[in-house]
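Same chain, two partners: chain A is paired with chain B first, then with chain C.
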Partner chain A sequence: MKFKINRDHFSSGLQQVLNVVGSRATMPILSNVLIEAKDGFISLTTTNLDLGIRCRVVAEIQESGALTLPVRKLFSIVKDLPSLEVELESHTNHQAKITSGTSIFRIMGIGADEFPPLPDFADEHSFVLPQGDLLRMLKSVSYAQSTDETRFIMNGVYFNFEEGKLTLAATDGRRLAVTSREMEVSPDNLGSLILPAKTVGEVERLLGQGDQVRIAFNERQVAFEISVGGEGKEGGLSESIYLVSKIVEGNYPNYRQVIPKETDLHVKLNRESFANCVRRAALVTSEKSNSIKVRVHDNLMEVTGSSSEVGEANVSLAIDYSGPDVTVAFNPGFLIDPLKALSRDEIIFEFKDELSPGVIRTQDSFLCVVMPLRLN
Partner chain B sequence: MTQRRIIHIDMDCFYAAIECRDDPAVADKPVGVGGSSGRGVLTTCNYIAREYGCRSAMPVFKARELCPHLVLKPVRFEVYKAEARKIRKIFRDFTDLVEPLSLDEAFLDVTETPGYAWQIAREIRKRIFATTRLTASAGIAPNKMLAKIASDWRKPNGQFAVLPEEIAAFMETLPVRKLWGVGPKSAARLAEWGVETCGQLQAWTHTRLHAAFGEKWGDTLYDLCRGRDERPVEVSRPRKSLSTENTFNRNLETLDACRAQLPTLLGDLDADLRRQPSVRNFHKVFVKLKFANFRTTTKECPATTLDEALFQRLLEEAFERSPHSVRLMGVGVRFAEPALPDRDQLQFDFAS
Partner chain C sequence: MGKVRKLPEGVANQIAAGEVVERPVAVVKELVENALDAGARQIEVEFRKGGKTYMRVTDDGCGMDRQDAQTALERHATSKIEKAQDLQRILSFGFRGEALPSIASVSRFRLRTRLRGTSLGTEIVVEGTGAPRIADAGMPEGTVIEVAQLFHTVPVRRKFMKTDRTEAAHIIQLCRVIAVAHPEVAFTLIEDGREVFRSPVCAHLEDRVGEVFGRALVREIMPIEAVEEASAWKVHGLVSQPGRGRTTRAEMLCYVNRRPVDSRLLNYALIESFHTYLARGRYPAAFLFLKIPPAEVDVNIHPAKREIRFRDEGRVRRFVMEALLEHLRAASRGALPQAKPVDPVVPPKPLASSPVQGQPVRRAPGAPTERPAPRTVPSTAGSAVPDCRDGVAGANQPPLPRSAPVAKPEPSPSPRQGSMAAPRAAESGEGIRAWRFIGFLEDRFVLWESPEGLVILHYAAAWERIRFEEILRTFQSADAVRQGLLFPLLLEVDPLSADTLTQVIPIVARMGFDLEPFGRDVFRLSAVPDWFTPEQAESFIREGIRLLREQGRNWKEDAVSVEMAKLAARRAVHGLPAKDPQSARALLARLFACRDPLVDPRGRATFFEARMSDIERRLGL
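Coming up: the complex of A and B.
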């Protein structure tokens, strides 16, 4: 294998696949990137056996072939090469010689035949949607995923392609974020999956480099084909980035039943003002007493925080409200997370009593249900 | 590999012993702890109750049949946990390598602790009794499996050691049922082949074990029946931070020279983070410098990613703290405390 490539193209390609490396000491090949040179491109592939990513970068191929090299080391070398012109040539014993300007590196690799191939699979369901939309949807729910490994079914984002719409949901048992978007889904294409948290992070990172993303899945795996345009193309990336991942197997909890139905008590709020109130009140809370109280009465919302270590805070906001006097305590982070992730200015905040969840809603079919903390 | 010294400490009827301690009136009666309703099961019971045939996990009605005057105490988990904390604190005075198996038993690796393991075990049991008025039994051996078997040998309130040179003789007559991982099912299968003791099982070749139990379990059994067990004592206490550092051959005189070291250190730290058994979010990052005069300083700030620019800033501030050159530089992260279940936080009820 021998090819010439632009340094910045090479490093931007490596950057796409860099995060996916295996941690198993027994399989050092998983710390490597598979480089395959053919037909005017090199393709770069990494996998940790649960998740794999592949991208293609333009290159001047002088001799096609394949080799694997330690991806992190390769990335730090390529990033630091002195000249934009880089030549990579494979030698016997799986060595690679990298030449750029007056620098020459010889890097030990592992044969390409030992690299576990990304799984091919028959996609039973397949959808195309704009990358921007999917990215917004993911970001508006992904913070609510559980990180508690004992609740693995919640360690991911739930995708449900149902009649006429795509719904995304995430919950950790204390809060639930749900968003949906209208979409044509033919009856034989209905289906759902749980995307693992690690994959959610990678998909969020890769989205936004082009127009469309294609999602295909079956009962065990999901693939994202993320088209590359504009900036990505200028960076030497070609066509699309391909990501394939295992899915979390099991039944997602029936989250719909915990969404409160009655909506008699609610206030319209400016998203940023509300977030600021909560953030300020939370400044005096401590790890031990991480809670704030939200009280609404007589056209006023008061958000208070206190801890024995620091002191007290009382932040108020004028609102349009004439209902009963209600106080509910929340973990401030659980309110700030959705408020930060949203982009609309106006939100609706619903509540009922001190033991019932609070709900943040927007006009565009987003909602976040937050369970309260017991008032002492 | 040096010969390890492992102690297995097993509290004697832990829950029941606490109940008897706290209510001396029942101390000489058969006492069970567990479900007070007619349908519950015994969590555990004291030795007097065991003489009647009561066992843990036995339905309460069954236990009452065997022992009509059984005193049943409700489970007081918080109390047991508090006692377990005191006991673990004692362990840590002897070694950091403590692997709790449950509230009432733990493995200790005392290879590096000065003194005879036998004396250490005796001292630990003495201190447990002085602190909690509860008795413990101990097993001392070169590995976890043997230590656990040994702690059962002189129960209650006793200890037993299997010395390296005694292993062969000890295993010869040991029933296979005592081996780690050999349950009633495996034992029954072995019995069909006429194998009752580890000595008899030792006659089996790898090939025969593979055929009977599969390759992986077969290999494990081959070692276990010879008293071999390489499993380390695993400290489950989650680490609070992770860092990597480098002591330089020649002290670094300038800030620029220090800056030049950052990418390598961060690369190593990043690699170490990826090698962690599970993904954990960190909430702080820090830079540590040790100066030529051996004074150490650490500068940290909140962050959730390894941002090189941020480390540069921390480095600058740390560097400014001393006029001396730098002999050691380190970078690291501090992990967020695993969230304790918050009793005040209400949870969704997904069931039904």
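Coming up: the complex of A and C.
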């Protein structure tokens, strides 16, 4: 194998696949990136057996072939090469020689045949949607995933392709974020999956480089084909980034039943003003007493926080409200997370009484249910 | 007729000797106590071959005239009490008048005594059951008693004596124990012509303990004292500093009215008081003197008077434990290195910035007020370093967010905390530890340079202690904040556990778990404490049930909270702070804000200090 490549293209390609490789891989081969040179491209693949990523970078191939090299070391070398022009040539014993300007590196690799191939699978379900939409949807729910591994079923984002729409949901048992988007889903293409949290992070990172993303999945795996714009584009990435991941197996909790019916008690709020109120009130809370109270009455919303260690805060906001006087306590983080993740300026905040959940809704079918804190 | 007869005096004495004089050490004890009762200022004890062949006790006490000396060898002859009522207020060591005749009847016995102010002494020699031989003797004022060939008249008992070494060890231990109780008397102990220890009159108990038990021990103990003026109860002495335990109970000595006693009650009070101040399996060193009116204690229940009975055991226990705990608490803060206090955390309301030092010592609300407060003796623990700027409180460091040692208003201390926790006297004016961060060892331990040497902190154990106390506080405060759950958890348990769970529902409810029966043997959990991860709720409750069932039926709410808090703290390992210097310092500050920073709730030590002297010794310096 022998090819010439632009240094920055090479390093940006490596950057796409780098994250998958953990610092403590169980097998040495999993610390390596598979480099395959063919037909004017090199393709770079990494995997941790649960999650694999492949991307293609434009290169001038002089001799096709394949080799694996330690990806982190390779990345730090490529980043630091003196000249834009880089030549990589493989030798016997799986050695690679990297030449750039006056620098020459010889690096030990492992044979390409030892690299576990990314699974190919028969797509049972396949959908295409704009990357921007998926990114927005993911970001508006992913913060609500559970991070505790004991209930692994919640360690991910639930994708549900149901009739006429795609719904994404995430919950950690205390709050629930749900968003949906209209979409053509044929009856035989219905299906759902739970995308593991680590994959969610990777997908969020990779999205937004091109127009469309194709999602294909079956009962065990999911693949994302993320297009990266036309050829010769800046960065040198070509066609699409391919990501394959295991999915979380199991039944996602029935989140629909915990979404309260829309109530009369609601206020329209400017997202940022609401977020600011909560954030300011939360400044005086402490690790020990991490709660704020939201009180609405007579065209006024008062957000108060207090802790014995610090003191008190009372932040108020003029609102349009004439209903009964209601106070509900929340974990401030659970309100701030969705408000930060959203992009619309106007949100609707719904509530009922101090024991019932609060709901943040937007016009574009987003909602976040937050269970209240009960203070004695 | 004729079958029942009165025993000759000699035989009766030998029988009594069976009770009083079990072995050589008993002889030494009786004789030394007599010497003390005689007001001696100097006592010399000599013995050979474990006391089997020879024992001598010489004192410079008041001595006896010839008449008294003769009478003293008769049974039930004593100068110490006159009538039965005197037994109620015994302050002398002996009182039964059995010792001398008993000893004389089973040995070759020589008594020499010269009454203070007279010019001639008396010598009485008794050999077995024979008549005493009396002669004049020239000697200094005081009394010398020599006992040779113990049990030569009752060979049976000889067989029951242990090896010389064992008997010698008993005698040495006894002399140490007595010597500690009487620093005002000079003691010399000689074994087989070799001096075991010689202690001149000591002004302080510390000096005597140092002479007798070694200087190293003195560095690890601290004085305690508590007085109840009204009833003339007093406890004082020296006990281990927090965290400096011993591996055996050998140095746990209790005295009641200066009489060394084996009291389970006092031993337990000691061990229990130290429970959270020493790692599991370690015992405090203690020289504990309880002084109470003689009427409060019955010493006349054991022939050798080692065991005693208190009239009001509960009160003794409370009195001793309160005193110990108060000093331990003060010491566990004060004894450790101090830095300059960081900026005081000002209580939220009122916003007055009163200097911390000016604050009066706060008393916990639940502490008894009807009695005068036990007096506190400031700890003399050596490691207090008043101004060390190297530590966390360094001048250019921002005050730590949780500089908790400064007095903090606790909104509503529960009654339990109140009664347990005496005033946090040393709290004010204390700063954060003056330990300099060195680094992490194996990601598990943190190394610190302390003014005394090297400290190795067990990160996880320290964290467990911190979380345990925080969690317990939320459990015990009535204002648990509960986080409602979106998906209530259904818990199915076996019928026995269901029974247990039903009983503890109100208790766990106050902790913040909303649990309700939901059909047969099924429970529904709809809220958890706000700091709790709901994912862990199920296993936590199941384990909690198991724990409670192991403990038996009658759960007190306090005990349940403590157990559950222990359990929760064990699980808090997830939240272990990051392993960087900043977090380590913050953790240290939080640890020392704890009530019992020295051990974790499981009884593991949170840290230990390798003193510079130890380090030097190991390196052969």
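Basically, the second predicted complex is superposed on the first by the 367 of 376 C-alpha atoms of A that agree within 3 Å, B and C clash if a C-alpha of one lies under 4 Å from a C-alpha of the other, contacts with A are read in each partner's own complex, and residues count from 1 in each chain.
We adopt the following convention: a contact is a pair of C-beta atoms (placed from the backbone, for glycine too) under 8 Å apart; a residue touches a chain by one contact, two chains touch by 3 or more.
Not measured: the values here are computed from a predicted model.
A.B. asks: So if we stack both complexes on chain A, do chain B and chain C clash, or do they fit?
C.D. replies: clash
A.B. asks: Touching A:326, do we find chain B (first), chain C (second), both, or neither?
C.D. replies: So A:326 meets neither chain B nor chain C here.
A.B. asks: With both complexes overlaid on chain A, does A:348 touch chain B (first), chain C (second), both or neither?
C.D. replies: neither
A.B. asks: With the two complexes superposed on chain A, say which partner A:253 touches: chain B (first), chain C (second), both, or neither.
C.D. replies: Once the two structures are laid over each other on A, A:253 reaches both partners.
A.B. asks: Return first, second, both or neither, reflecting whether A:150 touches chain B, chain C, both chains, or no partner chain.
C.D. replies: second
A.B. asks: First (chain B), second (chain C), both or neither: which does A:107 touch?
C.D. replies: Neither chain B nor chain C is touched by A:107.
A.B. asks: Based on the superposed arrangement, let me know which partner A:373 touches: chain B (first), chain C (second), both, or neither?
C.D. replies: Touch status of A:373: both partners.
A.B. asks: Regarding the shared-chain residue A:291, is it in contact with chain B (first), chain C (second), both, or neither?
C.D. replies: It touches chain B and chain C both.
A.B. asks: After the superposition on A, what does A:27 contact: first (chain B), second (chain C), both or neither?
C.D. replies: Neither partner.
A.B. asks: May I ask you to decide whether A:173 touches chain B, chain C, both, or neither, giving the answer as first, second, both or neither?
C.D. replies: Once the two structures are laid over each other on A, A:173 reaches both partners.
A.B. asks: So the two structures are superposed on chain A. Out of 127-135, 145-153 or 523-531, which stretch of chain C collides with chain B?
C.D. replies: Residues of chain C that clash with chain B lie in 523-531.
A.B. asks: Shared contact residues on chain A, chain B side and chain C side combined as an intersection?
C.D. replies: 148-149, 171, 173-174, 176, 253, 255, 258, 291, 329, 331, 355, 357, 369, 371-374, 376
A.B. asks: What residues on chain C touch chain A, complex-wise?
C.D. replies: 345, 348-349, 408-411, 470, 474, 478-487, 527, 530-531, 533-536, 539, 574
A.B. asks: How about chain A: which of its residues touch chain C in the complex?
C.D. replies: Residues in contact with chain C: 146, 148-151, 154, 171-176, 253, 255, 258, 288-291, 308-312, 329, 331, 355, 357, 369, 371-376.
A.B. asks: Show me the residue ranges of chain B that touch chain A in the complex, using the header's touch definition.
C.D. replies: Touching chain A: residues 263, 267, 270-271, 274-279, 281, 337, 339, 342-350, 352 of chain B.
A.B. asks: Taking the complex as given, what residues does chain A use to touch chain B?
C.D. replies: Those in contact with chain B are residues 21, 23, 25, 72, 76, 147-149, 171, 173-174, 176, 198, 253-255, 257-258, 287, 291, 329, 331, 355, 357, 369, 371-374, 376.
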